[in-house]
Amino acid sequence: MIGETGGQELRTVQAADGSGAADTGTYCDVRVLTEALAEPLGPEDQTVQSMPDVSPTKWHRAHTTWFFETFVLEKFAPQLPPFDPTYRMLFNSYYEGVGPRYPRTQRGAISRPGAVEVGEYRRAVDAKVVELLASPAGQDPELTGLIQLGLHHEQQHQELLVMDIKHVLSLNPLEPVYRPATAPATGVGGGVGWVDVDGGLVDAGHDGSGFCFDNETPRHRVYLEPFRLGDRLVTCAEWQAFVADGGYQRADLWLSDGWYAVQAQGWQAPLYWHRDGGRWVVHTLSGTRPVLDSEPVCHVSQYEADAYARWAGARLPTEFEWEHAACSAAVAPSRRFDLDALHPSPVTADAHGCLRQMFGECWQWTSSAYLPYPGFAAAPGAVGEYNGKFMSGQMVLRGSSAFTPPGHARATYRNFFPPQSRWPLTGVRLAYSP
Amino acid sequence: MIGETGGQELRTVQAADGSGAADTGTYCDVRVLTEALAEPLGPEDQTVQSMPDVSPTKWHRAHTTWFFETFVLEKFAPQLPPFDPTYRMLFNSYYEGVGPRYPRTQRGAISRPGAVEVGEYRRAVDAKVVELLASPAGQDPELTGLIQLGLHHEQQHQELLVMDIKHVLSLNPLEPVYRPATAPATGVGGGVGWVDVDGGLVDAGHDGSGFCFDNETPRHRVYLEPFRLGDRLVTCAEWQAFVADGGYQRADLWLSDGWYAVQAQGWQAPLYWHRDGGRWVVHTLSGTRPVLDSEPVCHVSQYEADAYARWAGARLPTEFEWEHAACSAAVAPSRRFDLDALHPSPVTADAHGCLRQMFGECWQWTSSAYLPYPGFAAAPGAVGEYNGKFMSGQMVLRGSSAFTPPGHARATYRNFFPPQSRWPLTGVRLAYSP
Amino acid sequence: MIGETGGQELRTVQAADGSGAADTGTYCDVRVLTEALAEPLGPEDQTVQSMPDVSPTKWHRAHTTWFFETFVLEKFAPQLPPFDPTYRMLFNSYYEGVGPRYPRTQRGAISRPGAVEVGEYRRAVDAKVVELLASPAGQDPELTGLIQLGLHHEQQHQELLVMDIKHVLSLNPLEPVYRPATAPATGVGGGVGWVDVDGGLVDAGHDGSGFCFDNETPRHRVYLEPFRLGDRLVTCAEWQAFVADGGYQRADLWLSDGWYAVQAQGWQAPLYWHRDGGRWVVHTLSGTRPVLDSEPVCHVSQYEADAYARWAGARLPTEFEWEHAACSAAVAPSRRFDLDALHPSPVTADAHGCLRQMFGECWQWTSSAYLPYPGFAAAPGAVGEYNGKFMSGQMVLRGSSAFTPPGHARATYRNFFPPQSRWPLTGVRLAYSP
Amino acid sequence: MIGETGGQELRTVQAADGSGAADTGTYCDVRVLTEALAEPLGPEDQTVQSMPDVSPTKWHRAHTTWFFETFVLEKFAPQLPPFDPTYRMLFNSYYEGVGPRYPRTQRGAISRPGAVEVGEYRRAVDAKVVELLASPAGQDPELTGLIQLGLHHEQQHQELLVMDIKHVLSLNPLEPVYRPATAPATGVGGGVGWVDVDGGLVDAGHDGSGFCFDNETPRHRVYLEPFRLGDRLVTCAEWQAFVADGGYQRADLWLSDGWYAVQAQGWQAPLYWHRDGGRWVVHTLSGTRPVLDSEPVCHVSQYEADAYARWAGARLPTEFEWEHAACSAAVAPSRRFDLDALHPSPVTADAHGCLRQMFGECWQWTSSAYLPYPGFAAAPGAVGEYNGKFMSGQMVLRGSSAFTPPGHARATYRNFFPPQSRWPLTGVRLAYSP
């Protein structure tokens, strides 16, 4: 079974579930991590929106705070005045039920509040939430449930914050470094192994123990044929072979929409790869460096993942195959979350015969469209806009990435992005039907 | 089981399967029907491309001919010169394997060959194909298989031709009539009934008897929970209630992409509906007339279908639910194809207790994304581009419509369009989980 | 000296001015010429709008008729019913004062009325206008003035019709021919000569003798320094030297907007030029043929004309220099209008020491923005929308072209197009300041 | 008469011309003013690009420094290493001759160098320039000429910096204040007076005394008819009458391009005006406040200015009329430049019978296209890209604005913007022909 393993210095939301779904310690740990992630960034870095999909760092910091102010404090401490009444609209992301919102594509046009003022906003709301948790109302399950949701929401934005700033810095010809690398990346490579997984009528979806998002429910039965799953992610060496074989020039390998994207966007390699003389180099948060053969390929769209799989004589797994394998096969421990190592890890020699790199490296594209599970129902009210309304035009990714905060990953987790997305940490695990 | 019933004056491709998959009679019947559909249209009508999704009538007539010339005559009669070597590029729709093609969005910029010359092209190719079929090579199963595929391909374009010209004529303030109505539309209305369908582990996909497209295969097992399916399509009276209840103004009813489309496109009703004083009127191929309460609502996007279902406290069926119901429940006979009645039929009083309007009225949006079945493999070569490469970003529709030619419908048929599409004959059948 | 010379078989609007500004013979001659220009075109050709700037042939035929119906018959024969009340909106080009209009970019979406019905519309309106002219009201100066304006308006559309169909046919890989060439084009080439023109305080604008458009008035004084004007148009041989010298790759030669257009549009040569092995060929109304060294370069934007002039160490003339030269220097006779020779003529050896190719070959870009003359006032009412409201964002061209109908050219005529336009017959005459 | 009057605490570039075209004191004064203008802005404010036309504050600060580093230090102190070699590309605005440049529309995606680092860049370059000026080379007329050009260039960017940040702050629902108002705005209003100006053959363009940009030369003769010029700018009271009279709803008042912009952009009032209950309020650098009747209308496009003039029965002056009036009629003193009063001044009662508000309030749209003067030649090399290549698609404005730095205004100055521009301080002065 599953999830991230290894000791974690930060208590996690996941761990805190049950008796203390949203205790003060967990609350503070999560909130502190957001600020720690923003710490290397200057006020200018925190202001930029480099493309419509990206949000500024200080917007992430403010919006996660807005979530607690709007959904927790407004309801459970209605007597408290808002920090700033304009923030209600300014930091609403997409909740139609909350009222008007500032246009998403214009988030980079907002210079104020600045990074410092956002910090004050965070501290002010934190103080109120902590006080509320310490009060008798702090035991109200509805309150603790909303706080727990808010913390998981914030963890999602922690990952987005890092993804987004990686994109922001990538556009700068000065090649800024978010955090210097602590050690050179190395790996052993080696061929992929295949893990056999039985099919049959299996259960899919969250089993109710601990927190999950609504889109992981209800648990339901799915029929699977037997399949084989790659025991590791596709590597950069393998991807270079695909490139060298004309993978980006052969229409027959691509879905029609993917082929259109290749031509319209001029894709010739994963996002952040550039030619430097005879070799490929890659933009990372610790600067530009050569692509490493044994590291997992990352920042590819679902179209590219699909074309690669076709080229390799394989296919992408469905989300149900992935989940069933994660729950039934041997899974190698994932590495410990480490703020200093914000990159996927190269393949290492340990752990054979089991599924490696399932968590903590790259999200893994599946062939499944992001759709509601049978019997799915969104929560009532604005909170119900969390997931359900995005179940259109997106594809499911499974696992977690090097940017996923501690305690946020689980085998039933359904991440989702449009198939053309390349700025998340998206990688490829192959499957095939024997 | 299923499909269209009732006598048909035209022999159909479907009926001819098996011993004579592609006999000369069937070939000629299908080819003649295309010309009959174009017959009411002048050369100017046949030239217009009213939006990028639409193709000119004469392009449909030429492209279906190109299919036979390129995939059949080039291979089985290579000694014959092409009718015009430029046509190979000009009338290629999307087959990358065949070489360059004229841009789809520019099909309306091509005035020549004109409608008459396209007729000559059709007759020239027909003569060669008929001669080939009469020759010893005419028994070659590969040849007859390709011809059969070409005829089903042509039937699809027959439906597209009618859909497309309906759109072309809709933009003209003169409100041109394609063919006058032969009788006023009437119906009885009445509430929807619900048909219970058992779940379980069921088979989905084509069983191999008769022709099917590759996307209907392989047949495979799917697990379904029990469900209820509406015994008829949603009517225009019901849709007007949705409109009157603010259905197009309430964000909470919509998928996020759908809500965006509502606002960006200014949708306030189905395509082709317009206000005329206090009532709704609708553009049809026989002119503009009042909306009829008991007729099925038509020309709605999947977003609208989904929002309507949410408003109605129901949901859309999955494609597997629809197919299983069509194969296991009682299905009322569908009406006989009739060139003079190119509109969905209002609800009639006959046939209670069974699924009505499954075929021959409106395609029915499902909640299923258009994805490959487990184990799906496209055919090798350019013909393999037929279906597989479009398995991205589209939703499945089931059933058939008033524009679907005779013999083309079946319970396993998978039609597909992007969720925002409104110009096909798309309607809504509800489902829910008891 | 001025205008076109030589006998003309068709009576012209110009010639008819004064006592018989709009006699029946002139009316019929002009109206007949429009139909003669459309005669080689099938109904499909007449329907296509190949880009937003282009209008379908049958739209030109209908719109020019609409002008007479709306501005003449509505006023002077109000008792007559309209031919079709929908046409009032459908064939309104841009007259806000007349009411709603069909969107310009959607003219190609209108299949009906077809080419034949438009012919009936023309004949019906012609019959009424001729009857009106024969009646006592036919002498009303307001009536004859409006008819005269309508005829000049129609002549402009005659030129647009030919320009537009040239573009339509150019997109067709079948390379359709509008009318076969009657004789091979030949010429003598030879270097350009320079004609000295005195400056001083000169008069500009129409002097009131004969018809003119309102934008040619009022006549006013302009101060000019002495200048020299090329005695012929820039040739294709010269333009090829510009191309070969990297003219399209050197940013320093271009206006900023021009350089942007070069890159955004991928311009590498005039519109309609294509490489065919080692030589340039050009699309013409009589088919594709090699570019001829001595023919005037044609279908270049003002940006290209300006860049060429800079490369050549010269400049474009102002519209006032051009007009003053045309009125004060010796001007070689222009060729006779000929329906069979719809191409600019190569340079010939005759006529030295005077300005050649001023009329009847290519419109000549000037460096003047299209702005109102001092004291300009548009006519009241919808007819006043004719010219004035377009005095923004466009550049003036002077002279006339091989597509300009007989009698339509004069030295004070101000043609205008946005500087990026390439589909009119636009050429280059150089100037410089000694 | 000419230019700004009144004492100025800051020495100006203009004043320093001649013997000391670019002395150290002048250099430092101009450079200091840029920093003073940026001083109220936080690092986040300085980073935002709120629309493609706008540049971030820190970009202006860096680009003006780049000008000195690239055009002065590279040439006159080539032994000095660049401050950062990447800046050469990063802060190049549009000089093709200097090499590649960072895309203009992406300036807001650049977070580093931050505001502090840009300050270091400025100081480092300043130190080198001051040292150079103190060296023997500091007397080289080519050097001092380039520095003088660089200072005038910087003054233009000072105005752009303020215009741009006004737009940035306008998008923020928090309504940030750049600098609080020091006193309430008041004015006296009163009708416009008309100043008669003689026509004739007059000189236009700079006479060579003191600095000017190349686009003001060569001085040349222009013929003008007598005209009348409004003695003050159009006021907000007058503009409100235009709005109330349906000015934004009447197509007949507008140029065709203007009418299109009205509809496409939804213009209903000047930029920065908003309805607040029954009155108009306006965004300013000192916050949102009611529109004042007697203040000049500001932030209108040339299309709006033109439509207003037509509605008022007048017209816009040509740039030559404006210049001739400024040089020949009595001109009231303009107010003293004041960093604390960054708004146009309301009409005051002083100074009758002369032209008021010619400088220091709003730039004044003319009816003249921005085109080269007869005989104009750009300077050789990259510096020659300064003005000439923009002479296309823009309209001339005359005068100066409340944002124009001291010493930068003069009667021959040609400012220019595309006619749809509304974010500069653009106002309206009427003219008519008696």
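As written, the chain order gives the labels A, B, C and D, with residue 1 at the start of each chain.
Note that a contact is a pair of C-beta atoms (placed from the backbone, for glycine too) under 8 Å apart; a residue touches a chain by one contact, two chains touch by 3 or more.
Bear in mind that the values here come from a model prediction, so they are computed numbers and not experimental data.
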Can you name the chains that touch chain A as well as chain D? none
How many Å are there between the centre of chain B and the centre of chain D, using C-alpha atoms for each centre? 60
Distance from the CA centroid of chain B to that of chain C, rounded to the nearest Å? 47
Chain A to chain B: how many Å between their CA centres? 39
Check: chain A positions touching at least 2 other chains come out as none
Draw the chains as points, connect those that touch, then say whether the picture is a line, ring, star, complete or other. ring
Chain B-touching residues of chain C, taken from the complex the two chains share: 42-50, 58, 84, 86, 89-90, 102, 106, 108-115, 168-169, 171-174, 176
Taking the complex as given, what residues does chain B use to touch chain A? 94, 96-97, 201, 220-223, 225, 251-252, 254-259, 303, 318, 367-369, 371-372, 374-375, 385, 389-393, 419, 433
